[in-house]
Amino acid sequence: MSRAVGWLLLAALAAGPPLALAAGQPFYVDILTRLVCLAAAATSLNLILGHGGMISFGHAAYIGIGAYAVGIPAYYEIYDGWLHILFAVAFSSLFALATGAIALRTRGVYFIMITMAFAQMVFFAVVSIEEYGGDDGLVIDIRSEFPLVDLEDSLTLYYACFAVLLGTLYLVHRLVRSRFGMVIEGARGNERRMASLGFAFYRHRLAAYTLAGALCGLSGAMLGNFTNFISPEMMDWTRSGELIFMVVLGGTGALFGPLMGAAAFLLLEELLSGWTIYWQLPFGLLLILVVLFARGGLAGLLEGRRG
Amino acid sequence: MDAGLVAAQLLNGLQLGVLLFLLASGLTLIFGIMDFVNLAHGSLYMVGAYFCATLTDATGSFLLAVALALPATALVGAAVELLVVRRLYRRDHLDHVLATFGLILCFDTLVQILWGPEGMAIRLPAWADGQQHLPGGLVFPTYRLLIIGAGLAVAAGLYVLVTKTRLGMRIRAGASNPAMAGALGIDIGLLFTLVFALGAVMAGLAGMMIAPITEASIGMGNEIIITAFVVVIVGGIGSIRGAFVAALLIGLIDTMGRSFLDMGLKLLMSAQAAETSAPALSAMLIYILMASVLAFRPQGLFPPKTR
Amino acid sequence: MKKTALALAAAAALLASPSFGADKVKIGFVTTVTTPAGVIGRDMVDAVNLAMQDIGGKMGGLEVELIIEDDGFKPETGKQKTDKLVKQDDVHFVAGFIWSHVLLASRKSALDGGKFLISSNAGPSQIAGKLCHENFFSTSWQNDQTPMAMGEVLNQRGVKSLYVMAPNYAAGKNMVSGVERTFKGEILGKDMTKWGKDAQLDFSAELAKAKASGADGIFVFYPGKAGGAFIKQYQQAGLQGEIALYTVFTVDSIALPNLQKAGMSGVLGSLNTQFWGPDLDTPQNRKFVSGFKEAYGRYPSFYAAQSYDTIFLIKSAVEAVGGNMDDMDGMRAAMMKADFPSVRGPFRYGNNHFPIQNFYLRQVVEDADGVWTTTVVDTVLKDHQDVYAAECKM
């Protein structure tokens, strides 16, 4: 059931933007582009959070690293898109590898908090660099340039982001089905058993953590291209919290969960903030209610599970 | 740099340290005893500040307002425990993080609805508003000295409460083995509510103490709560002694960083760049401290002995 | 009144139908309504609503629709909201903007969308200089100007050395460079503190440094509620007699009520510079200040004054083209004349569309009703133009 809804959602996302443009609603393309980028980021988080049980409270850092991998070269008037993507993926995975190597030594709350600490370090490092705007952020005047593809066109940009989302979904799907995925899921269930079976789960987890970082960095690069503006705010700890919320709202461990979660999240934010300036109150209440009563998230509800 | 300035900054660091301890001690108790991650602890800090400001207006006496606001904050804490937190003890940390993240949004918005966006000033009584001349020609604000004194007194009181009283014995029993404590006839539900309310009181007290300096304002707890978490993690979850040591350490590091880092940086870069990057880098220091402590001691400086 | 505007905004968001006919004037107003900085946004929205009331909700015979958007004190959100105003609501004017960094982030969206962009407060150097644009107008000032006036005041008063504190964002940097531009003495130390929704509000370490520096005076820029917090700690640290306080955009009608409540009498008599003051004697200002006090029971801030002017500037443009909202050139030409009753009195626009105007020295006093406010005591700069205008190729 949740699979079917997921496919339906993907189909809607594939067909939606041209329809929105035809209906004279270009702003909806903006909303959908943001949705698709955040869904890709949330899907990458789901790989480690949903499947690996690694609650990273610093995943927004990779969105920021990816975005700055576009923004900083653009600041020096280097617009080569492949180079941007290379930077985004390389720096995200390097950062994930280095911090993951330390963070994965810890467990439970300590893991949550150390991932947040690393993200805060990136946050403050960017704030401290005056050259790249510090707190004020950077305006990206020209988007990444690719041969044959013009990201300045909103529809083209949308489909580029959509392709990233599809790629991320496919990769996560394949990985989870593989032996590698089973080790990760197994380590979540019972570390000791997996260790006694001879699995080097630390290395598997580190690999998954690094891959999730790299994928998220890619979605961050797309998001940076879309917003034309990047700032340290993109990696604030509340943003990491929002990503977790998307994953949980959609349903941890379900392939399409993060996509559904991101869609529901943005829809709610858009509707509620248009309705009242106090929109965070119903939003917060809903968050609590989801945690209390809708275990398994939207995907769980669709499967008929209850809290 | 002269000795007087260093001494003044040590006192400033100590003042920040005891404030952090008040927040972190409740957090670490709730963490250690209920194994509950409470992001909304900072909201109780804010609620305490607003209660105190309103009551100071109503009664005209700051001390009376504090005396009345403390039990009021305890009630709010108990209500939060009974309505939301209680249902989440058996869940994993992810659910705790999300639900209390939702609570933050609710509290911040409720405060804006009830008190408006402008923040509330508190008028200090004349005897607390001046400066004290300390040995060595040091002049220091009276009120900040009072914060240090009150904070240390609360720390001592908490130590006595936990180690010497019946309630403290139950708390310790509940912390080391809740199931056994329950079997021995301790009302675990009541105990948990009491501990949560106690944590709320200490967070509220911290808010009341800082409000005459910075005013009570929306979201005032959201930044400091992250620092308080760092304190708890560095100190070791559940350890009040650890929280005390870590709070003072982090208070001093943060203040010293803000005071003297720019001088050091000026040796490395231009004065302009040093002035703008020093605050961010000093904010980063505490996260570097936390990551390095966890890298070598994955359970903090004073790890819990049981479990 | 605010509720009406919000209801309108909500209705607009729900209906989401862009109207192509110019049957009404649509104004989008981006400001901060949530977070503690919402207190500034409230002053601006109140002033805009008052102006709407004063013009009877009409400009050049057309209905005016006002859409208020909240930037949440974040550049990214401000840009998103500007995109929404441009693409979904299809407004004619995007106005507002308290924060320089929010304006810098949103600028491209509004101008590329072919809209007029009017800053009711922020005046970052970039937009006055290299990034100037024919469709951008300011009803406030360029950030550097007010501290430049303060630098002159410091020279006149024989201040030889200065300690400088400001928040670390675009405007804070402009304010510091402004005072450095005119102040002839020595700057003994400088602190740029964290800003944003989690801004630093405890300045103990910085104040201790300022005191130890032995400077004659301390120059401070802390807008909104941070101003009140700073003044309090300045007094609590006993710095009053030791290091004289000179501020810009810090001691205003937003900070003063809380300071008065907290009994911070040290702020009485302190000096600041500004292009405007509630007691400035112009016909429009008398009407504005008394109307604002009557409607909301408090003094308006300079944010409110600039927002009030924004509506009248737009009105002058719409009336000049007789309500033909497609006539961008006509409206632009009209606005360049600055031919509207401004609360600051007559002024003219420079090539970069920033006002060329006077800057006054103001002092904090107690008014006849015992309320703390500011009064204009001197004119520091006459017909002053910002220095970045030379970099603007317009």
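In this document, chain identifiers A, B and C correspond to the written order of the chains, with residue numbering beginning at 1 in each.
To be clear about the criterion, a contact is a pair of C-beta atoms (placed from the backbone, for glycine too) under 8 Å apart; a residue touches a chain by one contact, two chains touch by 3 or more.
Quick caveat: nothing in here was measured; it's all calculated off a predicted structure.
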Pair sharing more residue contacts (C-beta pairs) when A-C is set against B-C: B-C
Most distant chain from chain B by Cα centroid: C
Intercentroid distance (Cα basis), chain B paired with chain A, Å: 31
Mean-CA-position distance for chain C and chain B (Å): 35
Where chain A touches two or more other chains at once, by residue number: 127, 134, 280
Residue numbers of chain C (touch at least two other chains): 33-34, 168, 194
Overlap residues in chain B, where contacts from two or more other chains coincide: 112, 222, 276, 278-280, 283
Interfacial residue positions of chain A with respect to chain B in the complex: 49, 55, 57, 99, 102, 105-110, 112-114, 116-118, 120-121, 124-125, 127-130, 134, 237-238, 241, 244-245, 248, 252, 278, 280-281, 283-288, 290-292
Complex interface listing, chain B residues touching chain A: 31, 37, 84, 87-88, 91, 93-95, 97-99, 101-106, 108-110, 112-113, 222, 226, 229-230, 233, 237, 272-273, 276-281, 283-284, 287-288, 290-291, 294-295, 298-300
Contact set on chain B toward chain C in their complex: 1-2, 4-5, 8-9, 12-13, 15-16, 57, 112, 116-124, 129-131, 139, 141, 143-144, 210, 212-215, 217-220, 222-223, 255, 258-259, 262, 275-276, 278-280, 283
Sites on chain C touched by chain A in the complex: 6, 9-10, 13-14, 16, 18, 33-34, 70, 74-76, 79-80, 83-84, 87-88, 100-101, 104-105, 107-109, 168-170, 194-196
Residues of chain A defined as touching chain C within the complex: 24-27, 30, 127, 134-137, 139, 141, 227-229, 231, 233-234, 273-277, 280
